[in-house]
Each structure stands twice: as structure tokens, then as C-alpha cells.
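What follows is a group of structures, each given as C-alpha cells.
The following pair of complexes shares a single chain, chain A, combined with chain B in the former and chain C in the latter.
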Partner chain A sequence: MPENILVIGGGPAGLHAANELAELGVSVSLVERDAFIGGNPKKFKYKFLFPDLQPAENVIGELIKKAESNKNIRIYYSSEVTDFKENGKKFDVTIKSPKGTETKTFNSVIVATGFEHFDPATDSKYSYQLFDDVIDIKDLEKMMGEGNFNRPSNGKPPRNVAIILCVGSRDRHVGNQYCSRVCCTVSVKQAIELKEHFPEMEVYIFYMDIRTYGFYEDLYWKAMEEHDVQIVKGRVAEITSGPDNTVICKGEDTLLRGPFEIPFDMVVLASGMEGGPQSPEMSKKLGIELDEHGFLKPANITLSPFKSNKDGIFLAGACTGPKAIVDAIVEGGAAAMNAYIYAKKNAQ
Partner chain B sequence: MEYDENGVSIVPFEFKKEIFEEAKKDFRYEEYVRGCLNCGVCTGGCPPHRFFDFSPRIVLQKCKSNDPALVWEMMDEYIWACFQCFTCAMICPFLNSPGGVIAILREIAVRRGFESAKRVLKPYSRVLLKLTAYGNQLSPDMIQPDFFPDWGPHIGYASQDLPLKRKAIPMPTLQVTNLAWDVAPETMKELYTIFDEAGVFKIIEVVDPSLYEIIMDIIDDVRSS
Partner chain C sequence: MLNERPVAEKGEHIIARHLIEDDRIKEEKNLVIDGVDVSGRWNTFIETRVDSEYDRSFFEEIKKTVVGSRINRCWQCGMCTASCTVTPLYRRFNPRAFIYMMQLGNLKELKKYVDVAWRCVGCYKCSQRCPKQVNPAEMMEALALVVKKYFPEELEKKALKIDEDVKKIYEEMILGRGRLDLAKLHTGSMRKMGRSKELLGKKIERDAIFKMIKDGRAFSVLRLGTPPKWHNSKKAIDKYLKNIGTLEESL
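And now, the complex of A and B:
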């Protein structure tokens, strides 16, 4: 009889874990709260992925196709784990789906519940949802995914765009002290995409530190050297309405200009990543630890970032902290291997 | 007091160190000075920054530098440019309070009777007098062009015919121009005790000895009445 493994969450990490396990002949149950799989990249229609600007479909589409076509994977759409009990070295789990409720015994569990985009409306200084032309990176990603590069207010091409980094990240006021890791690179990528679409447009990036770590730095150079993106050191203090249907960004250029108030046609907020309501929910239901940032806490952050503090429950992807899709996929593989070893060892 | 070419008063390094240590010992200091990543939000939102060469980010950075000489550079003029509106403290993503640090530094300047504190407080001597001796604040007769030039071009008109204008106010007033409200002698005596205990009179004695004499004479009269 094959091992039974439960994967909670059908984003990049959960899908990759499920696919790997299915290849090993494991019987996988994949529980997904949405009516589709693919996670946030699918939900918000990410179009091109950094660093090589390959179509997101190459990655997400591939993962989805594999999962949907593998007969060893049973996908529960629009479903949730309603009850979770330890049963010796195994787990009795109740899954509630639109088709009804069923309880199954699993040898091990992988939690890959991912992240939520920070909601910029909770930080009033950015006037998000107050002005139509103030959007955030996921909105822009979705717009560009649909081939729309125009201003939401009037449908005309923007003459200039401000991109504001660290929205909802590195900000104790909103309770997120951490860096969300990917927003700098996503923003630089989006700046390049905007400039490629409208070469005449001015793009400003307002930053505290540009964290395009590792090879992502190539994009940062490219934005500056090939596309003349203006990179200004200073966090925006306030966004107000300006003349001629513009929005004014007010702040301090800490290196060059001093105080500035610049009217823009469009402002893009690089909102960060949060553990979302699902992280504490998983922590409570499964009895695994939550960290001080609102994400799930690995047993050992360096040695075993894919293990929870409870034997037999493994973690993968952005549920343990902000990370890029590539890292989520890597962790999905690592968690799959560890979940498989645990299941094999404790099969009887 | 001698000043260098940047207008900074010349004092020995040991003294600068003593002042910085005094600031750091203040129980509020640790709460006001945390991490700073030079993001500039505080300065971007700072009202005086629009008018003067003043930046709350620089205030915090100088404190973070741990260099007493950099902190001392602010004591003569810089710290007095702040409006104490605490916008910086409200918007700092790291919960620093540059305005709070300035309050600490100003208090040191006042307690020690620095020239800068005396100079800044001089125009407020009448307010201090009304406040500490009479338990009042601004009264109509204090509105005079010489004392409030920053109130704009209409200050001259505003300061004329005060008794008449006072009568025109459609709510009960004392119908006098030297008081804003009536304070009972018992209340005044209580206020004196509070100011005494809080060290307010001691501070006034340091920054303005002649004002101190006047206030003490009034207090003696009230207390013996």
C-alpha cells in the first residue's frame, strides 16, 4: 500500500512537493482553499518572472499541469482542513470540500500555505484606494499581465511613474520589521517592463536600500544603465493629490535634492509579504509554532528550514517567511523528501 | 562665548562629552533613539524642513554617531528650529522620535542656562511671567507688534483698541485686557507649589535672573495676602 501524504496549499511550493511525491508513487492529497491551484502567482496573474523575465506560465503553468495530470494526486479545490489529530506517528485529518467532509489518515503532512500581499490601504500615508492612480505591485503585475499599461484614472499612458519600495516591509508602524526580499527585484523588473513599453516615460524608484541580492543585481544595473530609471534614496512620507489629475509624492531625497514634492501620473507601491491569517490558523490547528513575524517557525532556521517543531509535519515556501518562487520550489522539493523519509520510517 | 566659522560655540571636548552623556542618561533617550536607516521619512514630513536648514534625520543620525562633537553642533541653533510637532515621531517606520531627542537637548540647554536657551526664551519672558505668577497664559494686552512679529502684517491692527474688541467678543469675558481668565488666590498658591517642586522657578532663575526677581516679588505678595 502506498504512503499517504497530505499537502496543504497549492502554490509553487505545495505543487512541487506534491509532484515530486507523486513521482515516487506516494498517494498525495492536495488541499487548496481556492477554486484553482497555482497560488498567488496564478491568483494575481504574474506575467513575467525575474531574473530572466521568462513567462510565469513556463513555471506556474508547468507545475499546475503536472499536478492535474498525475493520478497519484487528489486535489481538493475550495477546501480546508477542519480537524487535525495525531494518531501515533500518523495524522487523522478531516478535509472539508464542496463535495462533503472526509477523514483520512496520513503518514506525514506538508504545510505550504504561503503568504498574503500586504494591504497598503492599512497604511494611510500612501493614500491607496483613495486615488485611482495609486496602485501596488500586484495590481500592476495583473494589469501588465492583461497587457494594460495605462493609468487607472483615465486610461491614458502615464508620463511618469513613481515606484515606492518597502511598503508594509521594514516598518514597525504596520508591525512588519522584516524585509520582504523580493519586492526590490520585482519593482526593478516592473520598471524595466514599463520603460520597454513606454520608452519616453520617466520612472522613479524611491528606496531605503535596494536589495536585489545575488544575480538579481543584474536587473538593477540594467534598469539604470539601459533604461535610465531614476533611483532616489528616500522613503516617501506622504502621497497627496496634485494639479492636473496627478498624485504628489512628498519626501526627502537624502543624497541629492533634499526635500521633494513631485507630481506623478501613477504611483506603484511595492507592498511586501505577510504571513496572512492562514499562518496562525495552521499554527493553531496543527499545533505548530508561529514566529514573531507572523509566519510559521521552522525547527532550525538553518539546518532544517523545511521542518516544523512537530515530527511528521513539514514546511515549504513562503509560509515560513518572504521568499522568491525559486526558493519556494526548492523548499517544496526538500519538504517532499523529508516527508517521504518520515512516512517510510513510520509506515507500520 | 566664542564661536567657530560655522557659528558653533567653542567649548572643550570634555564638556561636549558631558552634555551628550547627560542626554543619553535621560530615561526617555533609549525610547527615542533606536535604529535609523536614513530613509528620510521624518524629514520628508517635517514642517520646519520646508523653511529652514533643519532635518530630523540629521538630528537622529548625529545622536546615533555617538560623536559628542556632532551633537554639540546642534546645541546653538539647530535644536531651536524644531516646531516640536512630533510629526517625525508619528511617521518614523522604526519608531524613533527626533522631536523627543530635541526636547531632551533643549531641556539640558535650559537647565544649564546656555546662551542659546536664553536668547530663544527672551521673547517669551512675558508669557513666563503670566504663566508662573498669575496662572494665565496669553492675555490680549500681550499682543503687540514688537513681541509677535511672526504673527503677520495684521498684528498692528490686532493690537489696537483692545478693550473695545474685547467687548465685541460674543461670549462672557472678564472685560479686562491684562488677563485671559480669572484665577483664585488659592489656585495660584497651589500652582506656585507645583512650579516650585517641578524646578520651574529654578530654571527661570538660570535663564532670566531679572524675570525671576519680578516673579518672586509677585509670589511673595500673593502668598502673604
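And now, the complex of A and C:
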């Protein structure tokens, strides 16, 4: 009899874990809350991925195709885990789907519930949702995915765009003290895409620190050296309406020492990542630990970032903290291996 | 009759003279170096503008106060200055830069801003938005204490003494009676500034006084007396101020 493993969450981490396990001959149940799999990249229609600007479809599409075509994977769409009990070294789990409720016994569990984009509307200083031309990176990603690079307010090409970093990240005021890791790179990537589409447009990035770590730095250099993207050091404190249907960014240029109030056609907020409501929910249902940032807490952040504090329950992807898609996929593989070992050991 | 030569201005032949502060320019009347007379235009020297030390003791001092206790949190993002209600009026009033100067103990730089350093109006917009919860608004209080302690003669020079005097009138009013008498505050401040005449001179000022007398605002304090149970409130306020006083002395 093959091992039974439950994967919660059908984003990049969950899909990769499920695919790997299915290859090993494990019978995988994949529980997904949405009516589709692919997670946030699918939901918000990411178009190109950093660092090489390859189409997101190459990655997400591939993962989805693999999962959907493998007979060892059973996908529960629009479903949730309603009951979770430990049964010796195994787990009795009740899954509620539109087709009905089902209770199964699993040898091990992988949690890959991912993240939520920070909602900039909760931080009133950015006037998100107040002005049509103030959008955030997920909105822009979706717009560009649909081939639309124009201003939401009047459908005309923007003459100048401000990109504001660290929205909802590194900010005690909103309660998120951590760096969301990918927004800097996503922002310079989007700046490049905007400039490639409208070479005449001016793009300014308002930053405190630009954290395009590792080889992502290449994109940052490219944005400046090949596309003349201008960076300005200072966080923006207020966004108000300006003349001629513009929005004014009020901030301080900390290098020149002095305030500025500059009208822009479009403002893009680089909103960060949050653990979302699903992380505490999983923590409560499965009895695993939550960290102080609102993400799930790994047993050992360096030695076993893919393990929860409970034996037999493994973690993968952005549910343990902000990370890039590549890291989520790597963790999916690591969690799959560990879940398989645990299942094998405790199969009897 | 002697030909009158124009008096040379300090460092007048320095190119980009406006970039150098007066007290950094050294000129001697008769200067001899190694037996060579270098009087004249060759004896102008500019002191180095390179900072050669950080004074961390100053940082420690600020950190010990209640209002300045979070100085170690600031990472200079500029959110405070960007939010500031005063900065658009006085560009030289820059909370972020002040906090930085306080962090590095750069009193030399801070001294240049004595005239604007006390301009904070306490709207607390900066403290509300600060991503590190440095509480810049209260940091500006710490700054005011610093200015008071380290640059008392600057305060006199810049005629900021009047501000202190008006504060005294205000405090006496609030603490003595528990009410604010605007007419008294106005006339008192004008007197301190030596502008009492204006009260009766310009029409607009005179009108204001007549108006206040007419609608009874000027007498309202006398008529109303102190607020109910003022004795208890006064005791609490006195106690609070005493604590503040000890804090101020500790700096």
C-alpha cells in the first residue's frame, strides 16, 4: 500500500512538493482553498519572473500541468481542512470540499499555505484606493500581465511614475518589522518593464535601502544603467491629489536634506508580504507554532527550515516568511523529501 | 588727504566664497612664516571642514532622558521630515537631520540651527508615521533641552528669551487660574516684545482688544473664576511639572 501524504496549499511550494512525492509513488492529497491551483502567481497573473524575466507561465504553468496530469495526486479544489487529529504517528484529517466531507488518514503533512500581499489601504498615508493612479505591485503585475501599461484613471500612458519601496514592510507603525525580501527586485523589474514599454517615461524609485540581494543586483544595475531609472533616497509620507489629474508624493530627499512635493502620473506601492489569516488558522488547527511576525515557525530556522515544531508536519514556501518563488520551490522539494522519510519510517 | 582704500571683506578673493562659513576663514594682519612675510592676499587660510570625531557621550546623555530614550532606533529614512508641518515653512527645520546630529554628537552643526530648533508645534504626525517608532516629536523636546543647556548665549543672542518670557505668562495663567486669558496673553506678549504701543496704534490690533472687551472674553476669566475642583487638578499638574523639572535638570 502506498504512503498517504497531505499537502495543504497549491502554490509553487505545495505543487512542487506534491509533484515530487507523486513521482516517488506516494498517494498525494492536495487541498486548495481556491477554485484553481497555482497560488498567488496565478491569482495575480504574474507575467514575468525575476531575475531572468522568463514568462511566469514557464514556471507556474509547468507545475500546474504536472500536478493535474499525475494520477497519484488528488486535488481538492475550493476545499479546506476542517478537522485535524493525531493518531499515533499518523494524522486523521477531515477535508471539506464542494463534493462533500471526507476523512482520511495520512502518514505525514506538508503545510504550504503561502502569504498574502500587504493591503496598502490599511496604511492611510499612501491614499491607496483613494486615487485611481495609486496602485501597488500586484496591481501593476496584473495590469502588465494583461498588456495594459496605461494609467488606471484615464487610460493614457503615464509620463512619470514613482515607485515607493517598503510599503507595509520594515514599519512598526503597520506592525510588520521584517523586510519582505522580494519587493525591491520586483520593483526594479517592473521599472525595467515600464521603461521597455514607454522609453520616454520617467521612473523614480523612492527607497530607504535597495535590497536586491545576491545576483538580483544585476537587475538593479540594469534598471539604472540601461533604462535611466532614477533612485531617490527617502520614504514618502503622504500622497495627495495634484493639478492636472496627478498625484503628489510628499517626502524628504534625505541626501539633499529637504522636503519635496512632486506630482506623478502614477504611483506604484511596493507592498510587502504578510502571513495572512491562513497562518494563524493553520497554527490553531494543526497545533503548530506561529512566530512573532505572523508566519509559521520552523523548528530550527537554519538546520530544518522545512520542519514544524510537530513531528510529521512539514513546512514549505512563504508560509514561513517572505521569499521568492525559487526559494518556495526549493523548500517544496526539501519538505517532500522529509515528509517521505517520515512516512516510510512510521508506515506500520 | 590720504587715498581711502576700500576695506577688504573677509576672504573676498576665495572662489565660491558662499560655501565657506565666516568662522572657518583665518586672516592675519601681518603673517610671517619661516621668515617670509606673507601679509596681503596670501595669508588667507580656510580651516578644514572634515569632521574628525564622533562624540558618543552626547548620544548617551540624550538616551537617558525620557523624551530622547529612543534615539538609538532612528535609521534616517526621512519619514518625520516628510510628515512635518513645520518643515514646509522653515526648510532648515529638519527633524531627521537633527536626530542624526544628536546621534553623532555633532554640536558644531547643531549650533547653526539654534534659531529654528525649537519650532516643533507638537502635531505628532511624525511620531504617528515613524516606521521605527522613534517618536520624533518628543525627540524635538530633547533637542530643545539640548539647545537650552549647551547654547544659552545663542538663545539670548537670537532673542529667543522673549519666547521664554511669554511661556512664563502662559504658564502662570494656566497654573494659577486654570484658564487661558487670551487678552492678557496678547497684551503681555506685546509688552515683553516692547510693542505695547502697537496695541493702541494699528487699527487692527486696537479692534481686537475692543472686540475682546466687548464680547466679554477679556473678563471671562475674572467672571468665571477657576474651574471646579481646581485645587486637585493643580496639585496633579504641579506634581507632573516637578517631575519634568527633575528630568530637565538631569540632562
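Keep this in mind: the second predicted complex is superposed on the first by the 347 of 348 C-alpha atoms of A that agree within 3 Å, B and C clash if a C-alpha of one lies under 4 Å from a C-alpha of the other, contacts with A are read in each partner's own complex, and residues count from 1 in each chain.
One rule holds in what follows: a contact is a pair of C-beta atoms (placed from the backbone, for glycine too) under 8 Å apart; a residue touches a chain by one contact, two chains touch by 3 or more.
In this text the structure is predicted, and so the values were computed from the model without any measurement.
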item: Joint occupancy of chain A by chain B and chain C, clash or fit; value: clash
item: Touching partner for A:277 - first (chain B), second (chain C), both, neither; value: neither
item: Which of chain B and chain C A:55 touches, first, second, both or neither; value: neither
item: First, second, both or neither for A:257, with chain B first and chain C second; value: second
item: Which superposed partner A:125 touches (first chain B, second chain C, both, neither); value: both
item: Touching partner for A:173 - first (chain B), second (chain C), both, neither; value: both
item: Residues of chain A at both interfaces, chain B in one complex, chain C in the other; value: 125, 166, 170-173, 208, 233-238, 250-254, 259
item: Chain A contact footprint on chain C (complex, rising order); value: 75-79, 81-84, 87-88, 91, 94, 96-97, 128-133
item: Residue ranges of chain B touching chain A (in the complex, touch as defined); value: 37-45, 49-50, 55, 57, 91, 93-95
item: Residue numbers on chain A that touch chain B, as the complex places them; value: 125, 166, 170-173, 208-209, 233-238, 250-254, 259-260
item: Of chain A, residues touching chain C in the complex; value: 125, 166, 170-173, 208, 233-238, 250-254, 257-259
